[in-house]
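Before any comments, here is the structure.
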Amino acid sequence: MATRVVFSKEQKTKNAVLIVGLPGIGLVGKICVDYFIKELKPAKVGKVFSDTFPPSVHTRDGVVELISDDWFLLDDSAQPVYFLAGPVQPNLDFRVGSNAEHYEFANEIATTAKRLGIQRIITLAGINVGDARLEKEPGVIIAATSSKLIPEFTKLGGSADKKEGLISGAAGLILGLALEQGIEGVCLMGETSTRLVYGDPAAAKRVLEMLTKKFGWKVNLDQITAEAKNIQDAFKQLNQQMQDPEGEGEETAPENGLSYVQ
Amino acid sequence: MATRVVFSKEQKTKNAVLIVGLPGIGLVGKICVDYFIKELKPAKVGKVFSDTFPPSVHTRDGVVELISDDWFLLDDSAQPVYFLAGPVQPNLDFRVGSNAEHYEFANEIATTAKRLGIQRIITLAGINVGDARLEKEPGVIIAATSSKLIPEFTKLGGSADKKEGLISGAAGLILGLALEQGIEGVCLMGETSTRLVYGDPAAAKRVLEMLTKKFGWKVNLDQITAEAKNIQDAFKQLNQQMQDPEGEGEETAPENGLSYVQ
Amino acid sequence: MATRVVFSKEQKTKNAVLIVGLPGIGLVGKICVDYFIKELKPAKVGKVFSDTFPPSVHTRDGVVELISDDWFLLDDSAQPVYFLAGPVQPNLDFRVGSNAEHYEFANEIATTAKRLGIQRIITLAGINVGDARLEKEPGVIIAATSSKLIPEFTKLGGSADKKEGLISGAAGLILGLALEQGIEGVCLMGETSTRLVYGDPAAAKRVLEMLTKKFGWKVNLDQITAEAKNIQDAFKQLNQQMQDPEGEGEETAPENGLSYVQ
Amino acid sequence: MATRVVFSKEQKTKNAVLIVGLPGIGLVGKICVDYFIKELKPAKVGKVFSDTFPPSVHTRDGVVELISDDWFLLDDSAQPVYFLAGPVQPNLDFRVGSNAEHYEFANEIATTAKRLGIQRIITLAGINVGDARLEKEPGVIIAATSSKLIPEFTKLGGSADKKEGLISGAAGLILGLALEQGIEGVCLMGETSTRLVYGDPAAAKRVLEMLTKKFGWKVNLDQITAEAKNIQDAFKQLNQQMQDPEGEGEETAPENGLSYVQ
């Protein structure tokens, strides 16, 4: 069956945008899109099934469902916005999946986007800055399918991705393959660390703020602000202790900070 | 060739049920269905071949056969009952197979079920409760493709699967993919432990009793009762020794109990 | 491209036999068929290419060739005999290939056999008897697609494969899949050890003798007899030393024997 | 999508040659073709995309692109010459990819070559001579799809590949599969070591010189000559030190030399 996108009814939209937030480094994209869905309450309009997903079904209160990602549609403004969210994307552990699975999955998303009249795709991701993440507030790095698109987002506070680089997984491949179909794309990457396996709300918050500003959405940021503050406070403690490893820090041992990293 | 289902003659059945018991945790589903086949003597009506199975042939008294699972039909009552039994399902060790193999196999079973006029699929499985298995009699957990189906089985002594969970392999995927074809499904999961690699007859017996009651079958339970008693007695000894590790238990050392676990 | 069989010209044969000797345990099948090809000089009539083979080309005196197995035809008697020989079959290391590759390869051979008018396939293989191999002369174990075929070969000195067993790889799957196309099959397994990675000429010789008798071929056995004697002598020395490890065996230390095992 | 070759406009060429230099042992082929592209400035005419490539996109100054290899055309002489260059070929680590991927990729290149009117393919590669690489200037080994082609290149300073051997990956398979389509082929292998993971410019230079002579190109060799000298000087130092390990070599310790090997 490969990857299959199913809509409850075929959507007719024009000039739409798709925002993609699937699991990845620091769960930045996923935290961000899940937060928008909770706050903006777009309608759930479709599902993505794929035989690249784990060979399991999900149960919720005993009810069985195939594992899927979900399409949502926020259609109350001039420009319809789709969100693609969910618990899975093809596995980047090379021992589990094949390269072809990633291309097939991303291409199915790109082809669906074309069919839905989507003209721009914004993928949200984390970018690994390693232990530097512990030392500073995360920034947002911008890459796009055309250099003209980059200033739109740098003026909102992002930095252009200057060096040569690679964007791995769906966040990159969806853009590359959608461009082949004439769809422009942007990737917003919150600076984070691969060690933050339980998620990096502070990096997610930065991306969230940028999109909120861009789309003029009214989003209550209290919860993510609190979560972001917790992780930044924890890193501050961790840094102090690292700089003063033999000092009197014992009583304020940042157990909390360590619980974020792996 | 992928997965291929072959019937000796095309079956014509209406309103049928399929009970699936392939190898899995604690061999619960397999023990259970194999027992029904031995006792109820349904007719062998078909085979499943698959290139997801081990690349070997089976020999019995020197006679070579492709590895297969088998379809049986019990057609002597108002409602025909199919059984799917056998030595293999696609391998859950991610290093051996791909996710796609599991979906393809399960989908072929679901599609065949549709063709045979099957309206309900009951998959039998084990659910890992870890070392808690050693401390109590196993229960049966119920999951289903609709919440309406669950009470049918909880009133026979099962418990609804309350928490979020995953059902891995054919027992889950067959239900999820068959639902897409309009077939309702239930998964009965005997509580067991992944360490019981030689099988857990006590967990299997609980599932067996539930189905016997459900279908009003006359099944001689003597053999499975004896096997279940053996494993439960062994666990009892094991527990006593664990609670009294330095006591006088040496002479009754539960070597038998240890032989069940890995 | 999967697996592709190419003949220099399409062969027209009736009531033919195919003898398959590809690499496997103890290289028994390969040594045996390669020996027949050297002695009986059948015509090379076709090739098997496959994308399950290593992604390399072979060079001989600087000339590049795709890796292939080869079909030979001995057509000078009442019953035409094909040989399938060569350096490769799909890899049984599960980390390298998929189960599907084995089924696809074997099925292509079976389908080709059908097209060529082949009515019987004899696959040659080794069967692992572990260190027991060091202690006795190897026997030949017989498995077949029908119990009626077994006595034809036990009366030539083989033993029926009594226990339940598995035959892995092409030697088994070709028989299982060819039977689906109405072709009968026999597997002759020389007793050997997986440790004999450089080949077991003594086990191969036993299989060779059985086929020579069966087909009434005139084959000069001098070379294989010498090689078989060497390995058996080496094992004899090894055994004597094992039984007398502290004795005066030092001067006759079976360095030769050890060189065969891994 | 498998492997897909896309030209900006369909090329019409006759009697053309294709020179392939993709990453491999010692990066010999890649260094060589990249150097020709820099010096001869052929036109970029096409791209190769493949789902056997890493599941990532490349960013350059923040602009996203699918990973691709590139086709170039040098059409200013009697005989058009294509170059195939780029950062990737299917991965030879067996844990990452399948054998089939290599055959599919190479076959797509061969089929494209046929369509473009290419009559000869020259693949450039490294051949591992192990630590012998440190002790002598690298030679160039010649293999070809026909023994008649070999003297054309040995008279330019290469040596025929005498022994039996294997050429792994695209450099070999493209030749083997193109021959099936009637295209002749040659592989030029610069002697190098698998330990030279950062590239072996001295081996590349030898191959480069041979092709420059063959095609009568005017290529400024200054840069590669300097790089080749550096690596050869480093190896000389390394060898002196190895021969005089306890001598007074300390002050001239070939740190430079060690930086080349892994």
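Quick notes on this one:
Per-chain numbering from 1; labels A, B, C and D assigned in written order.
Throughout what follows, a contact is a pair of C-beta atoms (placed from the backbone, for glycine too) under 8 Å apart; a residue touches a chain by one contact, two chains touch by 3 or more.
Being a predicted model, the structure only gives us computed values, none of them experimental.
Under half of the residue numbers at the chain A-chain D interface are used by both copies of the sequence. If you average the Cα atoms of chain A and of chain C, the two centres end up 55 Å apart.
If each chain is reduced to the centroid of its CA atoms, chain C and chain D end up 39 Å from each other. Among all residues of chain A, those that touch two or more other chains are 95, 98, 101.
Viewed as a network of touching protein chains, the structure reduces to one closed ring of chains, two contacts apiece. Contacts between chains, counted with the stated touch criterion, involve the pairs A-B, A-D, B-C, C-D. The touching residues of chain B, counted against chain A in their complex, run 90, 92, 94-95, 98-104, 106-107, 142-147, 150, 160-162, 164-169, 172-173, 175-177, 179-180, 185, 187.
Taken together, the chain D residues at the contact with chain A in this complex read 1-2, 51-66, 95-98, 101.
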